[in-house]
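In the two complexes below, chain A is the common chain; its partner is chain B in one and chain C in the other.
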Partner chain A sequence: MSRNPYVRPISTTTWYMRNGRYKVYVLRELTSFLVMFYSFLTLFALAALATSADRWNAFLASQQSTAMLVFHALALLYFMFFQTFPWFKLAPKAMPVRLGEKKLPDNYIIIGHYVAWVVISAFILWLAGVI
Partner chain B sequence: MGTRNLELEVMRYDPEKDKEPWFQSYTVPCNEDWVILDAINYVKDNLDTTLAYRWSCHMMVCGSCGMMVNGEPVLTCKTFVRELPDKVRIEPLENFPIERDLVVVLDDVMQKLHQVQPYIIRKDDPPAENQEYIQSRGKLAIFKQLTMCINCMCCYAACPQYSLNKDFIGPAALALAHRYNRDSRDQGKSERLDILADHDGVWDCSFVGACSEVCPKHVDPAAAIQQMKVDGAVEFWKQKMGIVGDKS
Partner chain C sequence: MAIAKKAVVWGLFAAGGTLTSFIFPALIALFLLIATGIVPEGLQYEQIHAFASSWLGKACLFIVLFLSVWHAAHRLRVVAHDFGIRKDKLVANAVYSIAAIGTVLAAFYLLTIN
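Let's look at the complex of A and B:
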């Protein structure tokens, strides 16, 4: 009797269609396109700021159109559903906090993240003069 | 007790005859308290003696009966027939070569488990004669969950990174490494670092979390790997800044 193990082929382009878990993962990874978009947007903003006051004001105006506001709102929601909520939920797993031999309850770590998120967001909005 | 006919679609592969696997259907009259392993045993005992598969304990201890049931990697001794539809597809664990029928080749993972040096490494002298390594309950609790692994390899079957890159050390072996790194008696963390901090170590994991979701023993390898990333990053900066780490 001879050995002849069979290796099942894996599609390198459609592997993530195999189950729901992989699809959610790929949707999460797609946020990298938004990260790329916002990186370029920041570069444009800095370039405008460095060029002239008119260019900077034009940039600000371009971001306040209805289409851009809707886009930013949808991008924020997308990030929240695929990054913020899942990562905050998983934070106690990745970074369990031990006090001596006791473990800090998971909820404390999760709530701590949300509190930090609100405080930092409020600080940025305050810096921007929104609140 | 009622019986229910279950249609099992079982993947078959004879290395001496078949070019590729194919599916064979069996109709199995199942008792409602049966698990899938009982249904497969029924096939072997009553319908087809040629079917090859692994099992031993039938009680979630040996870790031999891991298979894909309707696309999910599970222990078949833990998967109740009553929770499944009338038609069930049984395949060998994904991401492993098929030896025959439902039996897979586990050589790669066995070698990886060995590679992470899963034993206590000491740099200090061992305790004096007739003495033991002392460990408190709290120190044990830090890694006890990770000792629950039964090497069923369902996590490897669920891992998309391992399916795409067979060099990835993978969930069970990394969780095992973390189990020793977190053991207060061990001082071998730095010796395991080269393998774990390598590209095919913890950093190939993108935290899909599938390994932890399918783990029948709730070992949570995904969490272990993320903790190792934090440890690895801390160690990296310690070395960069010339801070000599502790002995472990």
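Let's look at the complex of A and C:
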């Protein structure tokens, strides 16, 4: 064995570009920026709501723009495909369900998550008066 | 002790990830709708104010915001490392401070809505 084994240098900033799986991993993790962004946007909304009806209406008016429309549309797609769906796909591995001796098939758990997601989303939209 | 602590942090992280996965698409869709200029009935001042005034509404909003900001903070800490930022203490302090500020603001605003 060599005394000075060659260590292939790996970039600490662009290492994930070498492999498709790593790229997808980084794209998934980047959704946390969206979670932070929408959490604070909701906090701004709450601040307006806590002040007065005028401030609430002003907040709604301030959010009305084509740029935000495009941003939200892209964010929605990005979030669904890189957070929601991967999270559901991972669920049977993260919390396998045992039924006595047997294991609940992975697909049942994944489909269950999708069904729950549709129901919860419909409930939120119903609560907001959209549907 | 370390293991017990880790279990709590991991539990919160998992709960936050699950919650954001389920809730955020609908939340983003609502902001999308607002951006188009359509304000659904439930988001008119009277109704949303009534919702945020109720204890159930307050509890729901607080839990969603609390878990979301801590989940995102933890992940952003890892993202910073992934992008080659090796000052973990500094990054951890920054992101967890943001999460703490978000939590305090959520509690404060929700308590002032009556």
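Following the convention adopted for this analysis, the second predicted complex is superposed on the first by the 126 of 131 C-alpha atoms of A that agree within 3 Å, B and C clash if a C-alpha of one lies under 4 Å from a C-alpha of the other, contacts with A are read in each partner's own complex, and residues count from 1 in each chain.
Here is the rule we go by: a contact is a pair of C-beta atoms (placed from the backbone, for glycine too) under 8 Å apart; a residue touches a chain by one contact, two chains touch by 3 or more.
All values derive from a computational prediction rather than experimental measurement.
Undergrad: Please name the chain, chain B or chain C, that touches the greater number of residues in chain A.
TA: Looking at chain A, the partner in contact with more of its residues is C.
Undergrad: Is A:Y16 contacted by the first partner chain B, the second partner chain C, both or neither?
TA: A:Y16: touches chain B and chain C.
Undergrad: Touch check for A:P5: first (chain B), second (chain C), both, or neither?
TA: Touch status of A:P5: first partner only.
Undergrad: With both complexes superposed on chain A, which partner does A:A94 reach: first (chain B), second (chain C), both or neither?
TA: both
Undergrad: Which partner does A:L41 reach: the first (chain B), the second (chain C), both, or neither?
TA: After superposition on chain A, A:L41 lies in contact with chain C alone.
Undergrad: Can A:L60 be said to touch chain B (first), chain C (second), both, or neither?
TA: second
Undergrad: Would you sort A:K102 into first (chain B), second (chain C), both or neither based on which partner it touches?
TA: In the superposition, A:K102 contacts chain B only.
Undergrad: Both chain B and chain C contact which residues of chain A?
TA: Shared contact residues on chain A (touching chain B in one complex, chain C in the other): 12, 16, 29, 94.
Undergrad: Can you list the chain C residues touching chain A in their complex?
TA: 14, 17-18, 20-37, 39-45, 47-49, 51-52, 61, 65, 68-69, 71-73, 75-76, 78-79, 82-84, 86, 98, 102, 105-106, 109-110, 112-113
Undergrad: Would you tell me which residues of chain B are touching chain A in their complex?
TA: 13, 15-16, 18, 20-21, 71-72, 94-95, 97-99, 105, 136-139, 141-142, 158, 160, 163-164, 206-210, 213, 220, 222-223, 226-227, 229-230
Undergrad: Could you list, by residue number, the parts of chain A that touch chain C in their complex?
TA: Residues 11-13, 16, 26, 29-30, 32-36, 38-43, 46-47, 49-50, 53, 56-57, 60, 63-66, 68-69, 72-73, 75-76, 79-80, 83-84, 87-88, 94, 116-117, 120-121, 124-125, 127-130 of chain A touch chain C in their complex.
Undergrad: Please name which positions on chain A make contact with chain B in the complex.
TA: 1-8, 10, 12, 15-16, 18-19, 21-22, 25, 29, 90, 93-96, 98, 100-103
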